[in-house]
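The structure that follows is given in the form of structure tokens.
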Amino acid sequence: MNDLDLLLLVSIGTTAVLFAFGTWRWAGALGTLLYALQLALLAVMRPELPLASGIGFEVLGYRLQWSLSGLGWFFAIITVASALFSAWFAAGEWGQHRRNLRLLHGGLALNVTAMLILLASDDLISLFIGWELVSWASYLAMVQRGGPAMDAAYRYLVYALAGALAVLVAIAMIAAQSPALDFGSVRVWFASAGNGTIWTVMLLTMAGFGVKMGLLPLHLWQPAAYSESPGPIAAFLGAISSRMGLFAIIVVLAQLIGLERLGNLPVAFSFWNANEFWAWLAALTLIVPTFIALTQNDARMLLAWHGIGQGGYMLLGILIATPLGVSGGLMHVINYACYQAALFLAVTAVAHRTGTTDLDHLGGLINRMPLTYVTMLFCIIGLAGLPPMNGFVSKWMIYKALLDAQMPLLFVAAVIGTLGTILSVYKLIHNTFLGQLRLEHAQVNEVPISMWLPMILLALIVFITGWMPGLFLDLVDEAVVAIGITQLPHHLGGVDLGNGGLDMLWIVGVLLAAIGIGAIVYFLGNRSVRVGQFDNYAGGQILTADVPYQYSHQFYAGLLRVIQPWMRGGMAWGERALVSGADFLGGAMSGLYRAAPAGAYLLLAVLAALAVTLL
Amino acid sequence: MDFTHLFVELVLMPLIAFLVGLVMVLMLRKVRAKIERRIGPPLLQPLYDIVKLYSKKTQVSHGPMHEIAMMVALGGVIAMEVFLPVPGLNGLAEKGDLIVLIYLMMIPSLGLALGVGACANPNGSIGISRALTAMVAYDIPLMIVVAGVALFHGTTSLPEIIAAQQAGGMSTWGIVQTPVLALGGLIAAYAMLGKEPFEIYVAPAEIATGPMVEMSGKFMGTLFVMQCFQLYAVGVLYTTLFLGGGEYWISFLPKIFAVVFIPLAMTNVFPRYKTEDVLKWMWKWAGGFALAGLALVVMK
Amino acid sequence: MNASVLMIALPLLAAFLLPLTGPLARWVGPFAAALNIALGISLWQTVAQEGPSVVVMGGFAAPLGIVFRVDTLAVLFATALAALVLILWPRTSADPRRESALLLILLAAGCGLAFSGDLFNLFVFYELIAVASYGLVAASRERLAAAAGLRYLVLSALGSAFALLGIGLVYALAGTLNLADLSRHADALNSPLGLAAFALMLLGFGVKAELFPVNAWVAEVYSTATARTTALLAGGVSKLALLIVLHLVLLVYAQPAALSLLLTLGLLSIVSGQFAGYRAADLPRMLAYSSIAQLGMIAAAFSVSGEAGVLAGLALALHHLIVKPALFLVGDGWPKCVDSLAGLGRAEPWRAALFVLLALSLLGIPPLPGFWAKLLLLKALLGMGEPAWNLAAAVVLLGTAIEGAYLLRVLQTLFRGTTNAKPATFGGALPAGVLGVALLLVMLAATPVGGALQRAAQQAADVPAYVADTLGGSPQ
Amino acid sequence: MNRELESLDAVFREMPDLKVEHTGPRRTRIQVEADALPTLLELLKGRAGYLHLSAISCVDWPDTEEFELVYHLWSYQVSNLISAHTRIPYDPGRYVSVYDLHAPAVYFERDIHEMFGVWFEGCPDQEPFILTEWQGPPPMRKSFDTVAYVNDTFEWREYQPEWANDPSGGKG
Amino acid sequence: MSTDPNQAVACRTVDAEERSLLGRVLDRIADHCRARSLFVLHYCTGCGAIELPPTMTSRFDLERVGMQPMVTPRQADILLITGYLSVKTLKRVVMTYEQMQGPKYVIGLGSCTINGGMYWNSYATIKLLDRYIPVDNYIAGCMPRPEAIQQVFLDLMGRIDRGEAQAWKDYYRRYDWYLGQQQQLFGTNWQAPTDVVGEAIRYRLVGEQTLGSHTAHLERYAPYYDQLGIIRPEPARMKARPQLEVVSR
């Protein structure tokens, strides 16, 4: 009974306990403690990675076994940590207002268990079993609020099922040719397999796992599904759920096929190779969603669209296949988990107080909810990837890796994605917290400590790891080594390569010192008097509370006028076409059965058979 | 590098930046005056404006965020100076590289955006949304140029880029070896200054000077100081990338002033572009030149 | 080895003695079925120890006489059918004597069909089953069921006629009807005429096996007959028909043309079944289309030559035998239209949970046995390496995705909204529950069951051993 | 030219007691009874194309205690300006609105209401338009003495004589 | 020693905080810069506005002395009233004046601001501008030419340089009187968005006449106007008037 079995047992125990005591007042607190226990177990487990688990059985000649590699351990840390923060948030006052939280707490625990099983898998079938469990667990998590949430979850499930079947076909193809299905022998099989088979297997697996990660053509379900699920669950899903897809993709691309093999796998009649093909798909996934996020009017939809975009960064980082790129991509996973969870929690706090997340009917909440504002401020700077926060470090590593790997156009695509992010995150914080306060929000007050403490903690983590990125880079090294890439030499402040390094200790230090100087220069002037929001320049007009003097609708009208024609929703149209095609065929087939007399079919069939065979 | 030398650099570089910036602002106003057949302001006018603004007796602020944003904006600009290598003073150029510098340039605009948002004035918000759109317009060509330079020199650390350009005297300057990229960079730098044709976000007639609508006294003083730093930063960045950086001050200063003079000379004869025209124009021309330059660099 | 003969004789005897037993009639049927199961299990032990054996009837040697071949595959099917009949025994019915007689006949014919090694004998038992199933469908007293039953009778009779024509042709070509003997004369049947015979037989037996062109009756009959009859037909009888096709393909028609014909019919029924299911509005009809598609998959599996095909087909057949009847029974008391199912998930949580479990297994969600069956199917199809069979894998993928879409739609309506209707009577609770438990047991005991299936497939697949046993080793 | 004038005369024939006076090449002045004015406007608009109501002005006749409302109409068809004069007495000070015939009338009537106090029945909006802070009587009436009002509401500047010779006004 | 701003520099007693030597030096520098960098907001109320462009542009070029036109009151030092003021416009002018910052100066252009000008007998226009806001300089003339405007600017700059132009403090010190005049015209429920009393307290410019009967009206009508309760930051107001009875909201 080594640590991995203990961990799996504890997490299954957590699920059982939380399903049983879901409606108990202190269920959230209990959940938080149990997740903390799991986190402790993971930390203890670190020196002895890769750790093979005792559980394992054989079915139909295939050996199913579980063992946690460095990569799995890295993702497991993020999963359990985000679950801990979500449970902590749900345990607070947010939870007291909701009547039945059994499904929420139990669902969250089930998600964590399923993810641990997936992360610890050591052969293709256990990977697939873990994958299906994760899909169904996240379906359960998304479906709690009923109504539109169920439609979004249904749409997700159809995507996930189709994706899973594609993966099943790929596994079957491998099973047909390779003797066993554990990662070792599959790697051997891949080494010897021809380009054609590798391409088909890769396309099928990427389609399957890409659904969960939100790669471009398969991303349409994610915004609705994540924004409809309840607050803390949305934070958990946003932070880590779609990264399970990335984990599986890394396992297939990096561990099984091998990134260098990917490099010399030509794409039919074009000078690209597979690596560049996937890199450009990641770049597209990076740009399109961020500019769609610009047009969203609901805060949660905006964040969900960013989830897809940031996934593109991670995949792009990993596909560069240099130590700097891979560790940049992986660090982006953990950075993103921190600030995305905090942002979803902050939006939930705003919804908890004002009742709405519609960006056209909010504004001016800064002096009513300052702590939520600080959280959102830290985290949007992180999401936009600007210096003091950790988002910048991982994005910098990806950019530097792109430049060193002579991929300038991908570098520019990544920058376009960042610009889109900066614009949409400013719209988020401006429409919610800045600008004029509305009459109906005049008496709104700050969320209680049980809600803002986890948010502020996450925001602090975002800042501290931005200041000292070495903390996260140590975790990332475990995963980088597990993938088989040489470890990136780094120190607490960041990375110092030959041609231009990054030392965040100095950069953030200088930045804070400079802000100190800015403060001194600011205080040279006389003391200032704080004025209300109506003491404002309005061209001589006297401002009153009933006329909202706020600019938030169509926030980037100029930019939208330029890029609107490019966003006609081609992919959404594609999806509708597929659905109507299925309807049409369904109609045709059922018509077939309903209309003609049975006997006539038989005669026709026999005559046709005779004709075919005799002639 | 011992700490006293570093401390001197940390203090000296922003100070030089401020002074040179003041002279640049003076140049801006003198050029505009001369074009309008006016005499133009006295020599110390920028200093007078800043001191007057800071010495206003009553100051109005719209809440703590408005004040903190000003400190962050000014701090961001000062921090950026430290990473810009100038002759004799390398500052912290090894600690951060070109990409860090470009991102440090975004901090002041984001800090300003948050401060203006806290002023709760829609004129300001419209100004900020236009400013961020303009940032998208000029940042894409700028990043293409950065990619080109980084690819050409094989490094993103500024001292090495300067050393590479100074290796063979005039002939190895960026502008000589990658002229198209330099042209694209110049147009992008032009738009970064936010002067006339790309001044949509400070349109006095339409949105009452956009972001500066609620800035008075020391807040406006901070904006004037930031303008000085911004002019200086654009000049020095462009010189570092394409004009071989600074070996001695006497050759460095004319280069910066020349870089800043070109846009300022042209700015007074232009009307103001609409937001979408700024986007289209910058992506077409600056983006076009930058991409062409990048292609040349990649080809080499 | 007369246990196999007993398995046929006993139910027939019980069926004919029913009128005499008076008040005991209600218990005779289930007792006979239980007895059959016991015999089957004892047969399973003997075959497991001594391997397959041949039972010669009436002293006549193989090519002429009627021969029974007792191997694991046959025993498996016979016991499974007996178990299914026992579980689905109608608790209350208008006249128990008539229905139990029909059921017993069906049981007897089913066991006979499983064991029989002679083509004509297979045809006779197939006819017996057909008659019994008409009777069962018509017995449900509903006007619609009677009309559907009549159409089913006409189609099935036509089908049998063509099958008989096919058998006649085979006899004309090969001169013998014993399967082992036929496999030695396989080259004679390799001609276009032989293929035509195969086509005729395939379509004939295809009626009951719900293959594409001839399964128009399926939707009507299954949505109108009583739940238990439908379960029995869909679960047991359709598999037996496919068993005949399996014997043909394995022993006699191993040539690629026949296999591709079987594959095309299988794929067509998958596609038509799934898409019709996607459009169906009421639950029984949807389940009927789904069973068409599942049987299409089993046919596709059998079209793969060699042991892998048999193994995949066997796994799919047994899995379908457990899941489909349970689904029909669970859907029995509920309102037929899918949209009016809203909120039943909360009203009857256990029944809905069972429905979810069965649907998931049908889709092939990992921990459940459905996943292993589907994996074996895909492995078999892709193992062939032929482009047609790769296309088949893609069609199976598309089909399951569509099936997922409409089954999940039912799941979603179950748990969405609320309903104030009082919970309907759950008639089939016991059988559905037993089948659900059986499914869970198979899931937990995946390894031993997997091993047993592999052994059965091996035995069925090595044709030379079959021929040697039946013809006493005299190679004529 | 006369064909157009003809349609004008046709209108005048319709209404018997109109005092029509051609005061210039393209000017016509009509004196009409208060209750007949709306019908006149309607006829002019329908028959002779007088679509354009350029203004309504009001003249205060304190001695006969009457307001004189003048409706200035222009026809592009006849290219002739008609000013229809009518008189309404002081005390009820009410008149019917022609908003339904000419939409711009609402502003002229609102202005007259504010300045003279005439209430127009049916005018959609007669809120204070220009003098939003004005609390006093309608100021344009001749009865209102502006100089007196100014003297008692505003003070005057006390001039120091020496300012005259000191350009900087002494007060600095 | 009265604090009347018109007194000569030598014997005027500056307000309470007695400036130290360093303070005086800093004030000297500040006044020096303040005089040389004046931002003008010309409130084009009447016909005088057309005089400004020639003064600003190449013909007379005010930028020589460091003056720039500004768009919003926040950024402006000088409020140039260029013509007659109707009561309605005066309300906007008062609001604009109160939005201006710190040492602010008002220049009345044209005789209409001095004594009503040619509209002296109109019921709608106000006659004496300095009843409502403290005015530094007047320029007589029924629209003075740019030279005259330039002359007044130079004069103002000289007085600022010598530290004499303190009229703006008068608005805080005698706010009650000014408010009374304004309430005569606009009615007692007149509410300007700027909290002048709060600013007076904040910058220690409270004179005896800052608070009085008129400012009490402000208090009574505030709730109607300030529905959000955030117009006037609560602490600044409550501390100011211990002697007034607390108005029950």
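For reference, chains read A, B, C, D and E in written order, and residue numbers begin at 1 within each chain.
The rule we apply is simple: a residue touches a chain if its C-beta (ideal position, glycine included) is under 8 Å from a C-beta of that chain, and two chains touch if they have at least 3 such contacts.
The model shown is predicted, which means the values in this text are computed figures rather than measured ones.
Colleague: So which chains are sitting against chain A and chain E at once?
Modeller: Neighbours common to chain A and chain E are B.
Colleague: Figure out the least number of contact steps between chain B and chain D, where 1 means they touch directly.
Modeller: Each step joins two touching chains, and the minimum needed here is 2.
Colleague: Suppose chain E were gone and every other chain stayed put; which groups of chains would still be connected through touching?
Modeller: Excluding chain E but keeping the rest fixed, the chains that touch end up grouped as A, B, C | D.
Colleague: Of all the other chains, whose mean CA position lies farthest from chain B?
Modeller: C
Colleague: Would you identify the chain whose Cα-based centre sits farthest away from the centre of chain D?
Modeller: Chain C.
Colleague: For this structure, which two chains have more C-beta pairs in contact than any other pair?
Modeller: That would be the chain pair A-B.
Colleague: Can you give the whole-Å distance between the Cα centres of chain C and chain D?
Modeller: About 99 Å, centre to centre.
Colleague: Using CA atom averages as chain centres, what separation in Å is found between chain D and chain E?
Modeller: Between these chains, centre-to-centre, one finds 40 Å.
Colleague: Using Cα averages as centroids, what's the distance between chain A and chain B in whole Å?
Modeller: Computed from C-alpha means, the inter-chain centre distance equals 36 Å.
Colleague: Return the distance between the CA-based centres of chain A and chain C, expressed in whole Å.
Modeller: One centre to the other, that is 45 Å.
Colleague: So which stretches of chain A touch two or more other chains?
Modeller: Residues 367, 437, 526-527, 529-531, 533, 535-537.
Colleague: Check each residue of chain D and list the ones that touch at least two other chains.
Modeller: none
Colleague: Two or more other chains in contact with one residue: find those residues in chain B.
Modeller: In chain B, the residues touching two or more other chains are 55-60, 208, 213-214, 217.
Colleague: So, with touch as defined above, which chain pairs make the list?
Modeller: So, checking each combination of chains, I get A-B, A-C, A-E, B-E, D-E as the touching pairs.
Colleague: Write out the stretch or stretches of chain B touching chain A in their complex.
Modeller: 10, 14, 53-63, 65, 67, 70-79, 82-83, 92, 94-100, 103-104, 106-107, 110, 113-114, 117-123, 125-126, 128-130, 132-133, 135-136, 139-140, 143-144, 147-148, 150-151, 154-158, 160, 200, 208, 213-214, 217-218, 221-222, 225, 274-276, 278-280, 294, 298
Colleague: Any idea which chain A residues touch chain E in the complex?
Modeller: These residues of chain A touch chain E: 367, 437, 439, 442, 526-527, 529-537, 540, 542-546.
Colleague: Going by the contact rule set out above, which residues of chain E touch chain A in the complex?
Modeller: 72-74, 92, 95-96, 99, 102, 191, 193-195, 198-199, 202-203, 225-233, 236
Colleague: Give the list of chain E residues in touch with chain D in this complex.
Modeller: So the residues of chain E in touch with chain D come to 6, 87-88, 91, 114-116, 120-124, 126-128, 131, 138, 140, 155, 159, 164, 184-187.
Colleague: Provide the residue numbers of chain A that touch chain C in the complex, in ascending order.
Modeller: It is residues 57-61, 125, 128-129, 132-133, 136, 143, 146, 150, 153-154, 157-158, 161-162, 165-166, 168-169, 171-173, 175-176, 582-583, 585-590, 592-594, 596-599, 601-606, 609-610, 612-614 of chain A that touch chain C.
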